[in-house]
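Below you'll find the structures, each written out as structure tokens.
What follows is a pair of complexes built around chain A, which joins chain B in one and chain C in the other.
For the complex of A and B:
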């Protein structure tokens, strides 16, 4: 059975989908990705769909599921590289990728994850009054 | 409707025999109907072409516009109507050039006064009607292709995507936005976003005369599609009347940023990007 490769780059896992997704490959990808996030402790997942000509409701749901799983494991998911034709089709069909962040390309996706991560750390510092008082 | 071989022969003989008289009279009638907008010499050349084509077709046997040997006649008629259509003449002014032949024939047939004169004239006049209809058809076809060409040119020239800043592109929309144009704008904008890797797009609607629910729908679709791809859209150039219309129609732009002018939109995007614009001390001439 074909598997989707998952690459680790720094603090980010990169998933590049190059083949048509079937039920089985989708489930396999979800399992693999969850394991890799736990194993590596990464805080970001980038899913690259540049090679996909068609994004239907099935692929859309798969992306949403992956985003939710990653969220539970404290990793931010960004979908990158959606083609114009795909975006137009999704809009015409009335499908929206709820809860999924998107970026134009992998580079922007990495920036987005880094920015989100920085925001989160700032918030944690702000929320914790001891952190500031403890260090004079 | 077509003439049989015998009638065609008689028509060819009639027209061929009085060539000079026919072209002269025919040109005069057409010239008076066009009131001097085409030179006499040019009209005469056109009429001679037609005359030659009709006589030629008649000598070759039964005149039937759809037949093989009438190709020259068809070409002459098409050329005449194409020329007239491009020069901006009306349909009446074009077809009258053909129907003028009826008057010419009436004179000729009256002059000959043979037993079959009436029968011949009716047959000839049916043929002229057919020629006139053919001319009208090709006139309309030429006009339609002119309109189609113009619509296409309009589509090409009116949707540029310009780069305003590093990572910021703008689409200044000008003119009414129908479905076809909206589609072109949407595709071009999204493609530019991918090509340039710009995360921000500004859609400027200063040049859109009216915004109804359909136009708003097109703009919203573009914004949603851009968001799916990971880019943000800002709508700018909303004139006061347009703002009132939007509210009156109950159109919801949701969380899409809208700005009054392109400058405001650019400033907004730059601030999001973390670019600060500061005014330097203006130069003073002492």
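For the complex of A and C:
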């Protein structure tokens, strides 16, 4: 069985799916990512699907599951690079990709994760009465 | 009801493992490109084939997929037959409902793939298993 590589860039894990995944490979990726999130303490996961020419219900569910798992592990997932034909097909298939954030490319995905992280840190400061208030 | 004439020999792919589902996708893509389906239509028919081949494997216990080029006058198309000798589909109307599943999936395979193709035909019984024929035409 082939495996999808996971790269660490700063505080982000980057997964670029470059092969036509079997269902088993997709499930393995889910498990590998959960382990890497915990091992690295990364707060963001970017899944690049630029090279995927289809996303069926199995891969769609895998993406949703990864997003949920990483949420529980305090990491934000962004799916980037979806092809227009894939988006059209997904909607017609009836798949809504619940809970998944998307961005057009890796760069915007990284911005989205950075912004989400900054928001979260702000909230943590707001919640803590002893912390100095962040200057607006 | 299926229309059109078959062109040439069907290409067959056995479906016995995950890897075979990947091979079915690749075979259908090759034929869809050969009959000049648009990129969106290629994507739709390959996605439908992926869903149905997985059903053949998971619910039918494996089977075969046959891909043929068809023609009806001015248009060409790709026809795919998914056949298994599994237990059949007990309640077809229910199985074609969005969100209904007996296998722990999303319940979109059958209903969703029907929306992605132009023609969709199911023949199913407990004795002979399930045979699904789908066709996608060029525009």
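Just so we're on the same page, the second predicted complex is superposed on the first by the 132 of 136 C-alpha atoms of A that agree within 3 Å, B and C clash if a C-alpha of one lies under 4 Å from a C-alpha of the other, contacts with A are read in each partner's own complex, and residues count from 1 in each chain.
Please note the rule applied: a residue touches a chain if its C-beta (ideal position, glycine included) is under 8 Å from a C-beta of that chain, and two chains touch if they have at least 3 such contacts.
The model shown is predicted, which means the values in this text are computed figures rather than measured ones.
Asks: Clash or fit: how do chain B and chain C relate after the overlay on chain A?
Replies: Superposition check on chain A shows chain B and chain C fit without a clash.
Asks: Which holds for A:108: it touches chain B only (first), chain C only (second), both, or neither?
Replies: It touches chain B, and chain C stays clear.
Asks: Just to be sure I read the superposition right, which of the two partners does A:61 touch: chain B = first, chain C = second, or both, or neither?
Replies: second
Asks: Name the contact category of A:125: first (chain B only), second (chain C only), both, or neither.
Replies: The answer is neither, since A:125 touches no partner chain.
Asks: For A:38 in the superposed arrangement: first (chain B), second (chain C), both or neither?
Replies: A:38 contacts neither chain B nor chain C.
Asks: Applying the touch criterion given at the start, work out whether A:22 contacts chain B, chain C, both or neither, answering first, second, both or neither.
Replies: second
Asks: Looking at A:97, would you say it contacts chain B, chain C, both, or neither? Reply first, second, both or neither.
Replies: So A:97 only meets chain B here.
Asks: For A:88, using the defined touch cut-off, is the partner it touches chain B, chain C, both, or neither? Pick first, second, both or neither.
Replies: both
Asks: May I ask for the angle at the C-alpha centre of chain A between those of chain B and chain C, rounded to a multiple of 10 degrees?
Replies: Computed from the C-alpha centres, it is 50 degrees.
Asks: In the superposition on the shared chain, how near does any CA atom of chain B get to one of chain C? Answer in angstrom.
Replies: 9
Asks: After overlaying the two complexes on chain A, where does the chain B footprint on chain A coincide with the chain C footprint?
Replies: In the superposed arrangement, which is not itself an observed complex, chain A uses residues 83-86, 88, 92 for both chain B and chain C.
Asks: Flag every residue of chain C that touches chain A in the complex, lowest number first.
Replies: Interface residues on chain C, with respect to chain A: 18-19, 21-22, 25-26, 29, 39-40, 42-44, 46-47, 50-51, 54, 98, 105-106, 108-109, 111-113, 115-116.
Asks: Along chain B, where are the residues that touch chain A in the complex?
Replies: So the residues of chain B touching chain A come out as 186-187, 190-191, 193-194, 197-199, 221, 224-231.
Asks: If we count contacts the way the header does, which residues on chain A are in touch with chain C in the complex?
Replies: 20-25, 53-58, 60-61, 83-86, 88-89, 92-95
Asks: Help me check something: in the complex, which residues belonging to chain A touch chain B?
Replies: My answer: residues 78-80, 82-88, 90-92, 96-97, 101-105, 107-109, 112.
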